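Let me give you the structure first, and then I'll get to my questions.
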Amino acid sequence: MRILVLHGPNLNLLGTREPEVYGTETLAQVDERIRRHAASRGVEVEIFQSNHEGELIDRLHAARGRVQGVVINPGGYTHTSVALRDAIAAIGLPVIEVHLSNIHAREPFRRRSLTAEACVGVISGLGPVGYLLAIDALMQLAGRDPHA
Amino acid sequence: MRILVLHGPNLNLLGTREPEVYGTETLAQVDERIRRHAASRGVEVEIFQSNHEGELIDRLHAARGRVQGVVINPGGYTHTSVALRDAIAAIGLPVIEVHLSNIHAREPFRRRSLTAEACVGVISGLGPVGYLLAIDALMQLAGRDPHA
Amino acid sequence: MRILVLHGPNLNLLGTREPEVYGTETLAQVDERIRRHAASRGVEVEIFQSNHEGELIDRLHAARGRVQGVVINPGGYTHTSVALRDAIAAIGLPVIEVHLSNIHAREPFRRRSLTAEACVGVISGLGPVGYLLAIDALMQLAGRDPHA
Amino acid sequence: MRILVLHGPNLNLLGTREPEVYGTETLAQVDERIRRHAASRGVEVEIFQSNHEGELIDRLHAARGRVQGVVINPGGYTHTSVALRDAIAAIGLPVIEVHLSNIHAREPFRRRSLTAEACVGVISGLGPVGYLLAIDALMQLAGRDPHA
Amino acid sequence: MRILVLHGPNLNLLGTREPEVYGTETLAQVDERIRRHAASRGVEVEIFQSNHEGELIDRLHAARGRVQGVVINPGGYTHTSVALRDAIAAIGLPVIEVHLSNIHAREPFRRRSLTAEACVGVISGLGPVGYLLAIDALMQLAGRDPHA
Amino acid sequence: MRILVLHGPNLNLLGTREPEVYGTETLAQVDERIRRHAASRGVEVEIFQSNHEGELIDRLHAARGRVQGVVINPGGYTHTSVALRDAIAAIGLPVIEVHLSNIHAREPFRRRSLTAEACVGVISGLGPVGYLLAIDALMQLAGRDPHA
Amino acid sequence: MRILVLHGPNLNLLGTREPEVYGTETLAQVDERIRRHAASRGVEVEIFQSNHEGELIDRLHAARGRVQGVVINPGGYTHTSVALRDAIAAIGLPVIEVHLSNIHAREPFRRRSLTAEACVGVISGLGPVGYLLAIDALMQLAGRDPHA
Amino acid sequence: MRILVLHGPNLNLLGTREPEVYGTETLAQVDERIRRHAASRGVEVEIFQSNHEGELIDRLHAARGRVQGVVINPGGYTHTSVALRDAIAAIGLPVIEVHLSNIHAREPFRRRSLTAEACVGVISGLGPVGYLLAIDALMQLAGRDPHA
Amino acid sequence: MRILVLHGPNLNLLGTREPEVYGTETLAQVDERIRRHAASRGVEVEIFQSNHEGELIDRLHAARGRVQGVVINPGGYTHTSVALRDAIAAIGLPVIEVHLSNIHAREPFRRRSLTAEACVGVISGLGPVGYLLAIDALMQLAGRDPHA
Amino acid sequence: MRILVLHGPNLNLLGTREPEVYGTETLAQVDERIRRHAASRGVEVEIFQSNHEGELIDRLHAARGRVQGVVINPGGYTHTSVALRDAIAAIGLPVIEVHLSNIHAREPFRRRSLTAEACVGVISGLGPVGYLLAIDALMQLAGRDPHA
Amino acid sequence: MRILVLHGPNLNLLGTREPEVYGTETLAQVDERIRRHAASRGVEVEIFQSNHEGELIDRLHAARGRVQGVVINPGGYTHTSVALRDAIAAIGLPVIEVHLSNIHAREPFRRRSLTAEACVGVISGLGPVGYLLAIDALMQLAGRDPHA
Amino acid sequence: MRILVLHGPNLNLLGTREPEVYGTETLAQVDERIRRHAASRGVEVEIFQSNHEGELIDRLHAARGRVQGVVINPGGYTHTSVALRDAIAAIGLPVIEVHLSNIHAREPFRRRSLTAEACVGVISGLGPVGYLLAIDALMQLAGRDPHA
């Protein structure tokens, strides 16, 4: 099984950006955890980060036929991008949205997720662990046992 | 480690209620999966279901000193109960909210979660697997490795 | 045919509570009219009143397999209870909502009915007669002629 | 006793218009049922349909002194017509509003009834039976027993 | 100088309709006062009442070239009719809107006047006297002294 | 009969302020017209202008027992002052609100009149003539004929 | 192929009404262009204008069985008429809505089209050409080539 | 004189729950102060706490004929319960609402009090002293001097 | 201890203004009660009334260093004055807001208190007694027993 | 004459993406139809698709001096992009907005078009034919007859 | 060149009022900086502070003919005063609005500036430096180089 | 000291785009003024323009460690980009937002600035001079005197 992990805008600054909200772990460290977790379950992962809405859309399009599921943290585009939402709906793959912080407990404009409406589900507020849980969930959705 | 799992109103009908939304698995079957998953990780669970807002609050209060974390699916109270939200904030325990369906993709009145504002995080749309992931997440928050 | 009649919060005070809005007939007198009307049509009725949201939900759940239709006056829960609405949708029985007063002609917060969205229909503003008409309507929905 | 039954816009297409919402019975068949039901209770009825807001208002005005009650299905004017609402309030007769479908369970713009604010009560979601129940209710309001 | 006075829906019931709001003077009596007032100022008046939105629009269209100003009481159409508003804007004549009651002190839906946005001015709350004042105002707008 | 005419903030600039909206007549000229008009009807007037909300309130309070009616143009306070509105309601005199421009056809924040809700009526959009019409209207309300 | 073209309220004034918004071409001239365009494509047209909401609804009803498509410019009823919208939905014919001006670039209350929700599509802002394009589009929807 | 003091949901946790908002005094200590204060004024008190909306309603109903006034802190139900509001309105006793914290200075959803609309008055933000002041106020409303 | 009591706009009319809302006691009588109550508790009071927003702000500024607490009834400024709110926040003294009537049970625009957001607490609906209770509360906040 | 046709985000997936909404024709097929249609009218076209908001803006800027009109389908950016709207307003060319589906009949967030406010007109709901009609309309706006 | 600097309500408390928001510099110190800055550029300044809305308006009126530009910090009136806004629009002078703190990053009610809508521009969030920059900007608007 | 100046979408068209709003100066000329102004103060500047949201974010990220402050005109992204706002908050540098026109005096959708909420301050409506003032302000924030 092959999964695409997409990090949206500003996540490249993880660990140095507002650490009281997002923690001190860097994106490289998070990616390393994701890779190790996936390997332990026999899952291949592709990881991609971009600050460009268009590149995230391009990458989602390219995922068709290459992977069996997507984990996406759309960052600030979560709340404003109809285009990204349409891309998620268009590709016909199970997509799980992840947020490091709990979007329900932040500013009002962060509580509405446009993109989540096109996803299978959402995991928010659990920090980098959210990515690992999302991989397990995609395996289960595909009928595979992550703990086998 | 000991965890309380709280099921809110109408979840006792699981498996027979709107199966196209909530699936055909019964609550007894879900609880059995939760118990097996917890056992495999060396975690004790208490599971409780009620259709009464007051009983859910009472049970949250009683959890202090007994458990180290709570998984709650507040059902319809998610969107309307300030009292339940206050109870979650009052007990000083990490609480993770779980929804079987993706609340971001349903009726507008289901998109706002009052209770999630007082929780650590939210997992929604992943079916009964959400409960299992929430237990793993509470372990990680407590500094324990669910896969050890 | 067997029908459940559910009275919600504060209806036990009927006759003594704001009589200029709700009339001077007591709930016992209304229930007596309901029983006589049902009997004249060969319908059995169960009548239950509670001020507790959870008890109303429990009673709706228990109605499955016991009755062929429900008449409910959810009182103040009409406008605030997603849990009650979910219970109505869950039980798979025809439910008719009744209000003694015309909710369209009162305070703005009484104009929206959350529960009615899950019901077959609504009768409001016709006083206790609304219950009798609702029983006739449930008979017609079941293919029976109330005037036979 | 004499009652006016008013059908608003598009009801002349009943039976052919969106049958999954409004059923397959034609307006002529509904009117026949109304006439038979009224006759069985010794009530005279006048029935009138128009797609013109002004004609409905004219007819309401003309009802004063001729009838003792009105049953109205204002169709699309329910949600937009202050003029019709004012006419209902002006004539000083008991008016009951009927809707074939449950307006609380449809598009948001159909949930507000401007006209109902001036009526005695509302019956919605019970199909053509709603007209029959409304006649019974007007009899009861006039102190007559429809089942005598 | 020639002026058109247009009465909208339900004004034909004046004097009998909700007299605590609209007074006991009938429309015929009001029209008589308008005619006498106009005559005393050497102004010709045409007076027309209709409950039909379309007829009011037709009459406004026909006024071009016949009269030098219009006094309109659009009744319930005040708050809902874009079509009437467009007609007022289209005819290129000074139009003054009159309301018998003070629309700012009634139900919220009566506070917004769509039609007034296309009028020269508004007089509300002064009873039938408002019509007389509006005629004087149209004279002044045309450069004539009503008290000469 | 004695009438108080109150001009609110910025009206002292009349004639020089945004003449395309408010005309080129100065406040002194308007006041002269008001005085002449009142004299021709045997009415005494007091005229007062202030940019201070508190002074306008004081003057309204002082009007009790001195005058039989008030004409007020509250200027910018129209839309924000609950205190002025309360003063109008408190003094127990008939008050007519006048606006030089048509407040219904300007910016949205000018469409709501808080003060008008406590007045007998409103005349707007007719320029300085509005003051003269308001005096006539107060006479009529007091049972006197302005044209006698 | 036969097509009905419906012009709503105030369109009879075209060419003389606010020419800076609607142009100087009269409705007769527009209709002549429509007729010539249709003839060049072998399409028969019926053209009807009314200021009456009810007449527009009647005419839509009568179109069933007579024409294969409808072009409608609902004028001011676009934004306020649920009854017209229901008529469009009821007749089961493809309907295309046309606006001479671009409703997205005008007052806020003109941006919402209630009627368009029941149409196949909308053409706005292209002046009288919009009617011609709508006819071509109805032909294409019927599987005919307008340029054959 | 006899007064009922009702504590709503989560107040049983007082002293341990968010002490920076609610203080460190426990409910037992608060109740002791209430009892001593009442005794010093010759007033009998009944004190009851529940997390159940229905039990609070039941207790309000039972208060009729037993007490002459009620002090209620509805906790989280303040902002969401129409049923509790209806109960307060139904029992015909003077009820004063008390909040420990200043609800006007907290989250937006805490600023609206549904229940206060049916109360005589509200005291908020003064901590446990609010209960003592409310008892004094009920005495004054009953024509008794709390300091006699 | 020394306390400032501030009365806002229109309170000088107390006793004569809308007595069905505000009672028949005059401001002089209320002030006399305040003075007697304060004297009985050994508290000095300064009392000041103004209809001018600016004078109220000036007086609040001048209170620093002179008094240990403030009781304010901001009247109509309660709902609109950010400046008064800023003044309350600026002076660093405990301020309690008092309203004679229950602002939660009146018009919607009276339900929001801008000034209360900067106060320690609010007492509303208890008539002139509210001032006395507020003085007791300020004593308690200062660690003094009003009943000693 | 030369026209730029711009396709926005996700249109590259046309034919495979949600075919029940967008049809089964691929973008290459649509572009082929556009080219043939333009050729038949002697119009040159440039066609460009991008998922990147910035690239669409760049391309609009570059169009000045190269083309005489633009047809744009902004996809998901329609509803969210002020930048794209500003670009359309900035280039001083006639731009027609095209949508394959009827945006008035979809989710509420798709009903508002920010970009359309800066366009000449809009064609929506007519599928790929919309592009062909837009080319004809741009010709007419340029004073050329598309059917010559 | 001569410039008026107006300080609105509560600015007289600068340095002592909420220093974490507004800093510890007093208004006298700020005014001294403004005077020195102006002198270095050969500009005369008048500086005026008032807590009275009316006095600020009076002073703006009086500025006509005396100064060539105005710098205003309307304090709390920024968000509520239509009268002040009208005064700014009325005097025909360039006015620049200054705020010490960044109004876009504070409470929602501080984000809307009514007065700014009538100003040339706004400078906010830069502390007392904002006044100095505003003087430079007024010079530039008058065609003078502040750094000459 | 080194400062980054970022120009957002459509600013490359400056001087040719809507000159009545944005002036006739080109971006090259503005940049030349910025460079000369900075040089006169001993400040180095980097200037960058892009129509791509992602490129603006990338450039903000790259600014860390290279510059001591940022001047940004986010153009249309001001009102819609949470991602850009998050980037500003993430980089830990003082950022001042500049707008050529007064955003408070334009369309409603331009009045809310999402990005400004994360900036130190805002300068709007002063044309290209705003950039020069922003540089001076950044110097002052860094404790340097721009006029030394």
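Chains: A, B, C, D, E, F, G, H, I, J, K and L, in written order; residue numbering restarts at 1 for each.
As a convention for this text, a residue touches a chain if its C-beta (ideal position, glycine included) is under 8 Å from a C-beta of that chain, and two chains touch if they have at least 3 such contacts.
What you are looking at is a predicted structure, and each value in this text was computed from that prediction instead of being measured.
In summary, no chain was found to touch both chain E and chain H. Common neighbours of chain E and chain K under the contact definition above: F. By number of C-beta pairs in contact, G-J leads over the other of B-C and G-J.
As a whole-number value, the distance joining the C-alpha centres of chain A and chain J reads 32 Å.
We define each chain's centre as the mean of its Cα atoms; on that basis chain C and chain K are separated by 63 Å.
Centre-to-centre separation between chain D and chain I, using Cα means, comes to 54 Å. Residue positions 52-55, 80 of chain G each touch two or more of the other chains.
Across the assembly, chains come into contact as A-B, A-J, A-L, B-C, B-H, C-D, C-H, D-E, D-G, E-F, E-G, F-I, F-K, G-J, H-I, I-K, J-L, K-L. Against chain E, the residues of chain G that register as touching in their complex are 8-10, 12-13, 16-18, 50-55, 75-80, 109-110.
On the chain A side of its complex with chain J, the touching residues are 52-55, 57-58, 61, 80-87, 89-91, 114. Within the complex formed with chain K, the chain L residues making contact are 40, 96, 102, 104-105, 111-113, 116-126, 129-130, 133, 136-137, 140-141, 147.
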